[in-house]
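My structure is below; once you've seen it, I'll send some questions.
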Amino acid sequence: MSNPYIPYLTRVKSIVTENKVNDIKTVELEFKNEEDYKKFDYIPGQFAEISIIGKGECPIGIASSPTEEGTIKFTIKKMGTVTSAFHASELGDIVGVRGPCGNGWPIEEMKGKNIVVIGGGFAFSTLRSLVLYLLDEKHRKDYGDITVIYGNRDPGEVLYKDVLDEWKKRDDIKVVLTIDREAEGWTEEVGFVAPIVKKVAPSPDNAIAVVCGPPIMIKTTIAVMEELNWGPEAILNSLEARMKCGIGKCGRCNIGNKFICTDGPVFSLAELKELPDEY
Amino acid sequence: MEQKILKKEDIGKLYNEFSSEYKFYAPIKQKGNIVFERIENPDDIVLDYLNSRIPPKSILFPQMEVLFEYKLDDKDVEITDRQDLDEKFMIFGIRPCDAYSYELFANFFSFHGNWKDEIYLKKKENTTLIGIGCNTPRSTCFCTSVGGHPFNKENMDVFLTDLGETYLVEAISDKGKEIVKKLSWLSDAADKDVKKSEELAKKAEESFVTQIDVDTIVKNLEKSFDHPVWDEISEVCIGCGSCSYLCPTCTCFDVIDETDQYNNKGRRVRIWDTCQSCLYTLETSGHNPRDTKIQRCRNRIMHKFSYYPANYDLLGCVGCGRCIMVCPANNDLRDHLAKIEKIGKEEKEEKAVV
Amino acid sequence: MTIEAENKEIEASIRDVAKKMLSEKQVDVIIGYSQGTLPLSSTPIVIRNEEQVDNLIWDNLCYINLARYLAPLMPQLCDSEGNALKIGIVSKGCVGRAVNLLAAEKQIDLDKVKMIGFNCNGNVNRSKIAMEIGEKEILDVSITGNEIIVKGKDWEQNFPYSEYINELCKVCQVKIPSATEATCLGECQQLESINDEFADIDEFEAKSTEEKWDYIKKELEVCTLCYSCRQACPACYCNLCFVDQNKPIWFNKTTEYTDIFTFHLIRSMHLAGRCVACGACSSVCPVGIDLNFITRKLEKIVKTRFNYTSGLNAKTLPPMMNFKMEDAEEFMLEED
Amino acid sequence: MTETVLEKKVEEKWEPKIIAFLCNWCSYAGADLAGVSRIQYPPNIRIVRVPCSGRVNPYFIIKSLTDGWDGVVVSGCHPGDCHYISGNLVARRRFAILKELLEFFGIEPGRVNFMWASAAEGERFAVLIRKATKMVKELGPNTKFQKEW
């Protein structure tokens, strides 16, 4: 019977700047007391309402995977009041975390299937959590082969370079990076995500695709995938909306009668087609 | 369970009985409007009123409610939870439609996600409702069309029927039985009083002017999301949101942090919000899924008459008619519902004609 | 001529002009007032063809300021590509002033808006009547002769129109929009402007600071910050009001008197020299606050200091947007 | 603030806290000149430098009062020598209306003061600040905007 609006208190353990333009940072948070961390059991794809007490709260996808013990990571782009407060925070500052919220990627349903992860721009945080979870030695054997296609505007914007390099070294995962326009020193693919997906042409049978990124990229990628006759229930994406409570009470993140924060944020394309076009 | 009689002038006695143990709320007149306020002096209670301007939702879900308070000292934050949640409320003079709206609130606040809004639910548990039946419903009331009734006793603890000089007192819930037991000085009700209250109930039921066929509306709304009827419905709306402020079943709220930086302390507060404001769904990136008033007016009606039935197979409207009375542009909900009801029939007529 | 006869005549002439305008394609749509579903109310209506013209009415219960729908222009008044239609607007004095204000502030362009001006005979003070009737339900309101007849289930009450006219309409200085911009009905003469000495405002200002603070606090305390007054005001057309800005959060929206005081004072500052005294803010307030008491103070300041009445024509800049070298500065702190 | 705290505060030589918005080109330099030439003026003001008196948004003034400051002073260049030509002229109209509205809403007239002080008038700046501080001191603490925490 506890007040659901009171956050767990965590301390900032490390802050890593992810891109050259220095407006995206990954903040690593360590829980002040242990039992809170145990209560905070989450799956990849879920988000949390993190807050700088005194400034406000905002919903951010959890970038760390549950397999990374001890701390949780969030990737935050500097946009509004609260995110700017995050960018101004130093080590040891207090951050409130409420959650985990949302339904997260269906890791049970994905068992025994091939996984195609398509990410664009800085919406790669929950995908990083998913791929790290899948590659963990406890879970890798439950899943088929994994393909990651990750597009960005330019090399400076690519997130999690260290983790991506590790994945490239492994043989049980195929990583395809692309940038929109040619840039010197870039050895991999060039072009928008949709044509690259057509080139890689992942096969739809016994496979689930996870698409996350700016709305334009999602529209074009889904069109391509439908040409490669992917079924709508096999394509999942994670939606974003303005949220204030994150636990289905403040009523503003609804599409039709579904709340993005509790019935989502992960929806299959089939579900999205039933919902009214208002997101 | 035998009924009792409460004389109107004894309400002061009833107040003194409970004002120490309960926070006593009753309808009073404030600047010409009837509102539910905590009262100190029983003479302020207004008895001959149709319904309050601001719904009694403002008692359990006040317009500004503290979620928690915090103290900031440079590297640490100390959070203190609400301490006042076990105070007991007593609401006198609540109408059946508003009492039912508390049930809708409790249902909505415990339905989505695996968190329940403990603040509201605990307050609701500590609340005793002494309601009064509506002898003279307004022409804008339509509770009988949405499953309610002017003498609906279910959600009350003690139900009073206004017999003119006296009230017929019926204890409904066990909380109500204890209340009536405490009021030992009440006289027993005679059969003629009980008969009179049944007549009043029947007379009130027949006096309803507005009849709305809600089932067709719910059915029509499922497939009329992009129907041009929404342009007409939202044409003269000025987007003020008073309809949602004064609606007993509107639960949306905004959360803000209010910090007193001079004393390094503050509080996280939730305040009423309305889906009619353009900021309601405006994302920081600038994208706004509902940025025209057509979409916003549609969302309010769909939420109560389509999403509520789809999620909880309850109706999100208790038919109190406040949104009709308060609308500055007199954008009448009954006209909108009539237009939505006709959607199915027009196509049938067209089919029949062609 | 009784008020009722005036209303009938105005109504008939509005319908003729509207029919003519629509048939000659001078305008695509006309915004006017139509019969409300509740007594003591009227509903704005947008009519697009001649058959609908008979819905247009005029009586003394048409209180909404129709210029509200022009800025920001609502989608229903734009064509498919989103640019503005040619709009006819039924303009009592203050609606005409609001259209002039919006034109002076470049929010609308006047050749797309045609005003149907007429000799406005004022609005009823709805909250005063509702306050006196109290809790009994009003079923019908009609204006016959010079009286407002209010009927309930088994009671009836008459109110003399001259006493229950809206405070602002009593001292209204611009009964009709200035002749140049409007096609006027009947003889279009500008009534000699009643010099409104703002007697009640002077009397209030003579009070002590404590009395003023207590009076205004008692009046504004019940405000629920629902912003209906802002939404109903034609001069409040900002798409992001200072109240709603969140980068940074300027304004804490709690319902404590500090925030209510700040909201109403800042909004009044923004209305100085722009408010057209239409009374829409008071008539839409769900808790019945008399906001006109503050707007009349604004009018008095602007009248006495800059001798300016807002919305008289679409050319002059409102006082807060220009200045003179020799403006009065008696309030400045000086060495004694 | 309960009554007892109020009286206690006034007796124990309570010092008002006044916020001063000084225009960068004239009044700020005037204050600087007062300091350099050792002219004494009460230390109650806390200076906020603004590019021009025209930059002072009425919201700054009201936010200061509601945040608990006891007085507000806004100072700019004399009309005619504004660095931005018309900054102070626009501000003058705004202050005229704000001052009357504040009085109308029931704020003591002495709390909010506007003045012109050029860069060469260090002495005048000090005299006016002394006068403003004396006025606010007589009015006592600003207890009108207490939020119940």
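Just so it is clear, A, B, C and D label the chains in written order, and each chain counts residues from 1 on its own.
Note that a residue touches a chain if its C-beta (ideal position, glycine included) is under 8 Å from a C-beta of that chain, and two chains touch if they have at least 3 such contacts.
Computed from a prediction, not measured in an experiment: that's the story for all the values here.
The set of chains in contact with chain A as well as chain B comprises C. Here B-D and C-D are compared, and the pair linked by more C-beta contacts is C-D.
Computed from the mean C-alpha positions, the centre of chain A lies at a distance of 51 Å from the centre of chain D.
Centre-to-centre separation of chain B and chain D, using mean CA positions: 47 Å. Chain centres here are Cα means. That of chain C falls 36 Å from that of chain D. The centroid of the Cα atoms in chain B and the matching centroid in chain C are 32 Å apart. Shown for chain D are the residues that touch two or more other chains, namely 147.
Counting partners per residue, chain C has 249, 256 as the residues that reach two or more other chains.
Along chain B, residues 254, 256 each make contact with two or more other chains. Because contacts link the chains in a way that matches no line, ring, star or complete pattern, their graph is best described as other. Those residues of chain A that touch chain C in the shared complex are 56, 80-81. Contacts from chain B toward chain C in the complex involve residues 30-34, 46, 48-50, 53-54, 63-64, 136, 138-140, 231, 234-236, 238-242, 245-246, 254, 256, 258, 269, 271-272, 274, 277-279, 292-294, 324-326, 328-332, 334-335. Touching chain D in their complex are the following residues of chain C: 204-205, 209-217, 242, 250, 256-258, 261-262, 265-266, 268-269, 272, 294, 297-298, 301-302, 305-306, 319-320, 323-325, 327-329, 331-336. Those residues of chain D lying in contact with chain C across their complex are 58-59, 62-63, 66, 73, 79-80, 86, 89-90, 92-109, 113-116, 124, 127-128, 131-132, 144-145, 147-148. Of all residues in chain B, those touching chain A in their complex are 67-68, 70, 72, 75-77, 79, 81-82, 108-109, 111-113, 115-119, 122, 225-226, 251-257, 259, 266, 268, 270, 273, 275, 280-285, 287, 289-290, 295, 299, 302-303, 306-308, 310-311.
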